[in-house]
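In what follows, subunit A forms one complex with subunit B and a second complex with subunit C.
Entry: the complex of A and B
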């Protein structure tokens, strides 16, 4: 399997993180996303006409979009069947709902980070306000999940790819000027994600202590 | 002076603080790092490491210590004292390195704090003795005064039906008491900054279905938040509160007072518990009368001043972050000169003792790839502190404990927690002990460290075996109970004190320490027999005549340090950095 990868991309990190959790080996091909804009070059556009990362090639199949790749990897390589619960319509629906939510986080928190870190020209205040709107929803959801004795975004006792899809741009939000101080339930969930076996970090994502 | 700073406010919910988490809070512009230690204690600290100012809320709650993510400085539960600096692994951090802390009281599902409290925390009257339920806190982008004004407009009903008429009682200190058809709630406004607040509701005697109540009020208070925020949006945003932080703690910035001569006894403790820790060893749990006890570092000892006027040094067995008491173990010496006899027989539970603050003259490195601890008899006490520290951090170590018999193993509950890291050697002859030590020390490798505490002959034997088997001197650390060398004080010489611009004559029969103290040079000391290292001084010129058991052979050979209580001078003149 090959991942077209950019070190500082939260969406590429989703894939690296999930492959690490699945303990699945892969090779990477570094793409000069910034400042080279290689993802907009003709060879890359041939792989993904949207001109975005990540992209994977696996046994001849080319797949784009972080959430789509997570879905594919879970369905194909997760032997537990827990990360993408194909047999459980209720939870499967929840996963799809929160994968779409993760796209919203990318559109806001990640956009603010691109503005601050890689000098993208966009309305950063709107991006930050949008991220805060989503974080309020996520915090409330996770707070009541905790009250019900649940640790993860979707119901059940095991994390799903929805957690992996939402985590990177939440944990990197401060690089876009979005504090998580108002979201204590999100901060606790971040600790729990960091304690998943096989967890790896990236630049700007730090480890947490071992559980008690 | 803002008198609001003197009020107590809820700053977190109890369930914001699961084990091994650091909560990020704020009160009147001051950022807080709030964390619960494994012993349940809630710490509210200023949210910055005093080393480089990095937020401690991204640090690691390791249960007993909080580790800064930047340079790994570790701070103890309760005291916030620094216990370890990775860049200086062989040294004990100064006791004055201590993070800034705020008061913390946990009550009714909330954690309360205050910037500059006037008086002790008192639970608001309406909550006292009542069953309560803390609601989900709701952050609001609005000034605290505005949020408080709106808090009085919150309407609710007891059973979650349509909101009823609510009576409102405003209270001083940032909260309102609301009543609706028999149900009561308090709504607190936690001031985050000039333009930010948190609504924290507490239900009084809530009905059975807590989850339904939590959801009902969450949606009610969220709607209230939207009203407050739309109101706030029409007003100019107040400027953020400017907080001026002292660059360093005042104690750190000021020149320390000249140390008083002789053993210190600045702390008063009660004997909270006295028990037989093993055959012939009495354990003492010492608790402070009022103040927080100073930070303990592994390997530290205290001076205990006894009712009979004697003072003795005892190592603390405390694990990391155990800061609500000190524990020592005292072995009854058959040839007691009065010290251990007094502790065993005269000192009783409930007695008050004077003790010194802990001194870390036997520091533990935490960067070894393998640590071997060797304890003989009552030498187990500092090793227990070290072993618990290494265990808590998951660092590889072995504790070899030599004792006469099973009945002589002290502090069993701590030993039992060490699991496979503990290897006991019971009832061995001196020859058998040698064999056991040779096996234990068979494989020295780079970054291995050995710590030894026990009776003199065993300590000598262990040091020799370690040396024979390739352990370099700098990897071998030891602490003697006492100095059994016969002190030769027949020489006389001159001591020049470089900083004090004073030259003194040391006659035969008197120690350097005696002469310093007679001449008004304040010099700390503890055991005064060349074992503990408290009176250590730096030698600038001259050749010391070392008679102590604290310095290693190479430290002695370097002629750069001297223990002034027993060591003397071979040269006519000795220049000290005092």
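Entry: the complex of A and C
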């Protein structure tokens, strides 16, 4: 399996993190995302016409979109069946709901980070406000989950790919000027994610909360 | 005199980096911030560079025409970067002779926005103590956490802070390293917002690789960090070298952004000795003597 990868990309990190948790080996091909914009080059556009990362190639299959890739990897390689509960329609629906939510976090919190860190030209105030709106919803959701004795975004006793998909741009939010101070349930959930067996960090995400 | 928010003549009378020359698209207007002011710049096909205080006639993305700039700011083209000045420009910029050696690879490794003051970022760059904890497995590794005794001086002839005889154990000192090694470092701070480090090159022991950090203060607590390497390395690609450095810088970012206060306190008693080690103390004193107030917390009289 090959991952077209860029270290500072939170969406690529979703894939690296999940493959590490699954203990599945893979190769990476580094894409010169910044400042080279290689993801917009013709060979990369041939793989993903949207001009985005991540992309994987696995046994001849090319797949784009972090959430789609997580779904594929879980269905194909997670022997426990816990990360993507195919046999449980209720939880499967929840997973799909929160995977879509994760892409909303990309559209807001990640956008603010790209603006502040890599000088993307966009409305950063709107991006930050959008991220706070989503964080408020997630925080409340996680607070009620904790009250019900649950640790993860979807119901059940095991994390799912929804946790993996939501985590990166939440934990990187401060790089976009979005503080998590007002979201205590999100902060506790981040600590739980960091304790999942096989967890790895990325540049900007430390394995333990020491830096916070 | 220009009408600016920033009134600190120490910082105004400096050359400031705006962009790596390699990265400036020719023929269009670019816009950035420097010392709380909007600054535009451009370069044409002949290589004519200009910078000016942004105005509504020449917006970012529009065609750049050097002849249309009525109030140009001073420009300097040096060390691979475009520099400008919002006050009285100094006659010279610090030396960086390695940059001009013919067999060097000069790799701008990217410019990053960071929510911190320039002084804090320089200090983090000078501090070896964080390597094992922040750049684990690359620039440091437990239990090799000791920072050995080293020398610091302010060079009178060159007006710069220099730390020599620095040594640190590094698992992967550079992309070209094959194994862990004790690595020798020299640090230079030849400009209030610029620092360079020299470390023995893994491919040629007799020479030093240079890593630099040129900071553009967008505001007192926000910077553009221009990072780059000037290396003796004929094995690794430009992209690989850049990627290595971006990984390192990405690890520093949350550390920098969690500094409190974001401005650099110049009073030697303001912070514990662990955070303010020898080089940091010399650097803060040097800034104090210059009378810098922008982006710092000056010593109370």
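Methods note: the second predicted complex is superposed on the first by the 208 of 212 C-alpha atoms of A that agree within 3 Å, B and C clash if a C-alpha of one lies under 4 Å from a C-alpha of the other, contacts with A are read in each partner's own complex, and residues count from 1 in each chain.
The working rule: a residue touches a chain if its C-beta (ideal position, glycine included) is under 8 Å from a C-beta of that chain, and two chains touch if they have at least 3 such contacts.
Just so it is clear, the model here is predicted, and its values are computed rather than measured.
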Go through the superposed model and pick first if A:103 touches only subunit B, second if only subunit C, both, or neither.
neither
First (subunit B), second (subunit C), both or neither touched by A:184
first
Looking at A:140, would you say it contacts subunit B, subunit C, both, or neither? Reply first, second, both or neither.
first
Touched partner set for A:82, first subunit B, second subunit C, both or neither
neither
For A:206, using the defined touch cut-off, is the partner it touches subunit B, subunit C, both, or neither? Pick first, second, both or neither.
both
Figure out whether A:148 sits in contact with subunit B (first) or subunit C (second), or with both, or with neither.
first
In the overlaid three-chain picture, which partner chain does A:7 touch, first (subunit B) or second (subunit C), both, or neither?
second
With both complexes overlaid on chain A, does A:34 touch subunit B (first), subunit C (second), both or neither?
second
Where on subunit A do subunit B and subunit C both make contact?
206, 210-212
Enumerate the contact residues on subunit A facing subunit C in the complex.
7-8, 30, 32, 34-36, 116-119, 121, 174-175, 177, 202-206, 210-212
Subunit A partner, complex, touching residues on subunit B are 12-13, 15-16, 18-21, 23-26, 38, 58, 60-63, 67, 69, 136-137, 139, 211, 214-215, 218, 222, 394
Could you list, by residue number, the parts of subunit A that touch subunit B in their complex?
140, 143-144, 146-148, 180-182, 184, 187-188, 191, 206-212
Could you pull out which subunit C residues touch subunit A in their complex?
23, 32, 60, 110-115, 133-134, 224, 239-240, 242-243, 246-251, 253-255, 257-258
